[in-house]
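Take a look at the structures below.
Heads up, the next two complexes both have chain A, just with different partners, chain B and then chain C.
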Partner chain A sequence: MERQSRLFSVFVHASALLLAAVILAPVVWLFVMSISPAADLSAKPLNWWPSDIDLSRYRTLLSAVENSAGAAFVASLVNSLQVAGMATLAAIVVAVPAAWAVSRTPAVSWSLYAVIATYMLPPVALAVPLYMGLAYFGLLNSVFGLALVYLTILAPFTTWLLKSGFDAIPREIESAAMIDGARLDQILRLLTLPLAAPVMATSALFAFLLAWDEFFYALLFTSDLRAKTLTVAIADLAGGRVSDYGLIATAGVLAALPPVLIGLVMQRALISGLTSGGVKG
Partner chain B sequence: MSALEIRNIQKRYGDVETLKGIDIALESGEFLVLLGSSGCGKSTLLNIIAGLAEPSGGDILIGERSIVGAHPKDRDIAMVFQSYALYPNMSVARNIGFGLEMRKVPPAEREKAVRETARLLQIENLLDRRPSQLSGGQRQRVAIGRALVRNPRVFLFDEPLSNLDAKLRMEMRTELKRLHQMLKTTVVYVTHDQIEAMTLATRIAVMRDGRIEQLGTPAEIYDRPATLYVAGFVGSPPMNILDAEIGGDQLRIAGSDELLPLPQDFKRTAVPGGRVKIGIRPEALRLANAGASGVRLIADVEVMELTGPELVTTAKVGEQRVTACLPPRTPLIAGSTQVFSFEEAALHLFDPESGRSLRAP
Partner chain C sequence: MPANWISTRAWLLMLPLLVVMVSVIGWPLVDTVRLSFTDAKLVGTEGSFVGIANYEKMLTGSNFQRALVTTTWFAVVSVAAEMVLGVLAALLLNQQFRGRAALRALMILPWALPTVVNATLWRLIYNPEYGALNAALTQLGLIDSYRSWLGEPGSALTALIVADCWKNFPLVALIALAALQAVPRDITAAALVDGAGPFNRFRFVVMPYLAGPLLVALVLRTIEAFKVFDIIWVMTRGGPANSTRTLSILVYQEAFSFQRAGSGASLALIVTLLVTILAAAYAALLRRAAGAS
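Up next is the complex of A and B:
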């Protein structure tokens, strides 16, 4: 342990607290808004702390009464889970062989760069062709159609992440297994994939978040409860003549919960995945 | 019958020729060391034998059967990698038994073989650990165990000791020698360390620029280097190489009046009046006391470095430098002129153009 002056350690802790405050402030404010009575939110000057706790909006959004705002919100929550889940799963399934191939055969890595180049196109440039395509296949306003569109966004991204993960696994391990008599599928199943598990978890989480947060395509390609996702549902809440900011905040809090839960569950894998490039076992 | 035969193996990457025709035949039980600096093609050759790379031309036979194009697992070889390449997610026992597992050896038989190998390498107490819980030397033993357990026809080692610290490297070197003496296996071993090559090998192939400079026993390589490169590569400190001229039956060291006799072995090939390079190993030189036999060489002592077991002395003959390894308590004064002596047989002559030894065959 190096020697540190008292001043320096105070400075370090103060900086850490400041950083935490900057990152957490919007989240905390979102939560405070969601439990403040409506009067507090429109008061002048603003009430930073709710006069009393109002959980009615959570009841509204999570109510199961038919045709209510709650039913619409819950349906969009389910849609989001379905779309993001399917797209993430498909992206990982597609990305594992692609990333492994590119990592082990650098001669074909140009193909990955070509895909990444298309990734640079703004979504709006692809909106019309995608819309026509989905319409042709009857996949407009369908969770499958939207998941398919998301797959095109997620697959290059997860392939890229997984490639760097596979790059960190020494090829000599696979060579050794080959000499030991393992078939390609055995090498992947017994060695490469278990060793890449942390990176796979990291890419899955980031892919899920990307799909979960996507708004533009979801707005264009969905129109009702059958396929509308959370981001669109939240926008709908703000779209009326009178916006209930508290309700929007509540929807935001609820929308943030699933990714946070997944993140907490995968915390350990996530941390080792994010640092796997730098540290070798 | 040779255990391994390498016939005119070539390897090209585009226009770059990494291997320019390698021929080696190896008897069963031989320990061949491929020695050379990095980029000489020694690892490429090993990978070609292993089947991790394919040659551009030539043939390789293991036990009279051509293996070019065969899958690595069908070549009856085992390889120990520089990085050990252990399977990090498996226990030591499974690491060692993995080859048997893949070859569908029944679990009971497999476990017995793993135990026996572990006992041989003294790692029985580590069988349940993961590679990350092992020290460098222990990992090395596991990697060797993984190769041993399958009892292949040829063992391949790719610089296996270069990741270990100096003390451990010496221990493992002795261990490898012990194992080879006990098991009488056929080994191809790649290294850039000439001490490893000299101590382990039954034969050394010194490689340079994709060719074999010299193939011979360690004694041949050390006592009768075929080229200047081999002479300079093997030996520490390296052989003294001096410019000289041939005049009659004598050699005159360039830039001085020192005359040396022309040894018998070189009389036929050396052209009178021609320039040559002469080589003398530092350990062949000693201080001449009165009435000492051998060839005399007068030089001005410049620097003495005591390493412990020997006094490494640098002296000047004319404008050229000579290093001598003398006994540690030799009384010497920097700046003094000393008479050194050596046996005539310790003198090597090389063609300065081709670098080839001028020793008559």
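Up next is the complex of A and C:
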């Protein structure tokens, strides 16, 4: 190990502090805004630390009193959970057999590249026909319709992740079981799928986060509480005439909580998932 | 087992995925192509064939040209800044210091924050009356009076780029860090013994390991940046004075705000073509890089 000079070590520590400040400051400020009394946020000079901790906005947003701001927020939260949940489930269901087939049958692997290529399509290239199609089937402003549309993003993505997951499971295990007389469905059910469980879980989490984050299609295809997702609800708040910025910040904190928690808990898996594609080149 | 049965079985297993892909991606794409040659409205009129009139109108219009410049500027500046900041952060995180694991975990935060929440957060920070940026700069004595960062055409795009960089450079940093950790210790040690300075060590020892993963990150980030919609829509809606109107925002306005499905579709396909060219150019670059290493 190379010995570090004192000066270099000071420089490293100072840079680390700077980096931590750059990353943390905006996030901490979002949280501080959410617990500051409204007067603190419009004070000049600005109060950087709340004079008094005010949690009323969390109560407001999470209350289910009818026709309140809370009811609208809770409804969008439930919609987001439903849409992301359904889309993730559907994506995994179609992606698992396809990813396994591509992984074990090199002859058809070109089809995977066609699937991945669609990932580069800008959503605007599909938006108009999708809008007309959803309207035709009466699926505009519906969580089912939106979940279906989200498959355009989630299905290619999960197939790609799962394929590299299956690639990591040696085919020899499957051939050995086949020689021992196991049927294909037995091999998949008892051998391959249990071995692939971790990568399936990671893929599902990634897919869920993608759907939770999605905004463009949700903005286009939903219009009221029946299907509006959290991202659209927050954009409405941010762009509307809400005078209490703390309320907007609170909605942001609540929407960020699930992905941030997943991110922190699943750090290791996420980092290896994020980087495996990159490192392999 | 006979080879053709194996390949038939593979196609059968892929059938559900293919059905989904054809119905939610293939068919809409083909229909966008059809619509782009018509004067269809979003609701009501089916429209009739108008040839390449939409393409002519869009390509020669000043809106498209300005949006193309805005999009290119946004993509080039934000991606370049993300790459530089990401590599610097990764080099830092590759050093030994206390709290390194915690800092590395923190890098997940901006990435995990939903794009819309990030946009909302920065919109609040840039607020002309009560924003934290104005307050901080005034209290530090750097500006005399509060400014409308997102309200002035001169600063809005830069403000957006800063917000986008903050969210995305940690991802580049994590990818670069993983690559740095793959550099064998003995090679760095040998270079040190041979008297290579920090720059030469970075250029000749570290860079070969970093180049591949960074190139992939560069490709993905550029394509994403070229398609940018969410952060701009939430922060400025393309304003002020259309100074932040990117191609995706322009397509949205044409197809959905003005409900001109036909010309919106042609514009969307032009954007798609540009992204495809970009992706193909990058793919060629990647193949060359892979061949060289």
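Operating definition for what follows: the second predicted complex is superposed on the first by the 229 of 281 C-alpha atoms of A that agree within 3 Å, B and C clash if a C-alpha of one lies under 4 Å from a C-alpha of the other, contacts with A are read in each partner's own complex, and residues count from 1 in each chain.
As a working rule, contacts are C-beta pairs under 8 Å (C-beta built on N, C-alpha and C of every residue); 3 or more make two chains touch, one makes a residue touch a chain.
Please read these numbers as outputs of a predicted model, since none were measured by experiment.
Q: Could you tell me if A:Ile262 is touching chain B, chain C, both of them or neither one (first, second, both, neither)?
A: Second partner only, chain C.
Q: Examine A:Asp185 and indicate which partner it touches, taking first as chain B and second as chain C; both and neither are also allowed.
A: Neither chain B nor chain C is touched by A:Asp185.
Q: Looking at chain A, does chain B or chain C touch a larger number of its residues?
A: Comparing touch counts on chain A for chain B and chain C gives C.
Q: When the two structures are overlaid on chain A, which partner does A:Glu66 contact: first (chain B), second (chain C), both, or neither?
A: neither
Q: For A:Asp224, using the defined touch cut-off, is the partner it touches chain B, chain C, both, or neither? Pick first, second, both or neither.
A: Touch status of A:Asp224: no partner.
Q: Examine A:Asp52 and indicate which partner it touches, taking first as chain B and second as chain C; both and neither are also allowed.
A: It touches nothing on chain B or chain C.
Q: Taking the stated contact definition, name every residue in chain A that is touched by chain B in one complex and by chain C in the other, in rising order.
A: Touching chain B in the first complex and chain C in the second, residues 281 of chain A appear in both lists.
Q: Quick check: in the complex, which residue numbers of chain A touch chain C?
A: 1-2, 4, 9, 12-13, 15-16, 19-20, 22-24, 26-27, 29-30, 33, 41-42, 44-46, 48, 90, 93-95, 97-98, 100-102, 104-105, 107-108, 111, 115, 117-118, 120-133, 135, 148-149, 151-152, 155-156, 159, 184, 209, 212-213, 215-216, 219-220, 230-231, 234-235, 237-239, 245, 248-249, 251-252, 255-256, 259-260, 262-264, 267, 270-272, 274-275, 277-279, 281
Q: Going by the contact rule set out above, which residues of chain B touch chain A in the complex?
A: 50-52, 71-73, 77-79, 81-83, 85-90, 98-99, 102-103, 131-132, 146, 150
Q: Given the complex with chain A, which residues does chain C contribute to the contact?
A: 3, 6-7, 9-11, 13-14, 16-18, 20-21, 24-25, 27-29, 31-32, 35, 42-43, 89, 92, 95-100, 103, 105-117, 119-125, 127, 129-130, 132, 135, 138-139, 166, 170-171, 174-175, 178-179, 182, 188-189, 192, 212-213, 215-217, 223, 226-227, 229-230, 233-234, 237, 248, 251-252, 255-256, 261, 264-265, 267-269, 271-272, 275-276, 279, 286, 289-290
Q: For a test of understanding, state which residues of chain A touch chain B in their complex under the given definition.
A: 170, 172-173, 175-182, 186, 190-191, 194-195, 281
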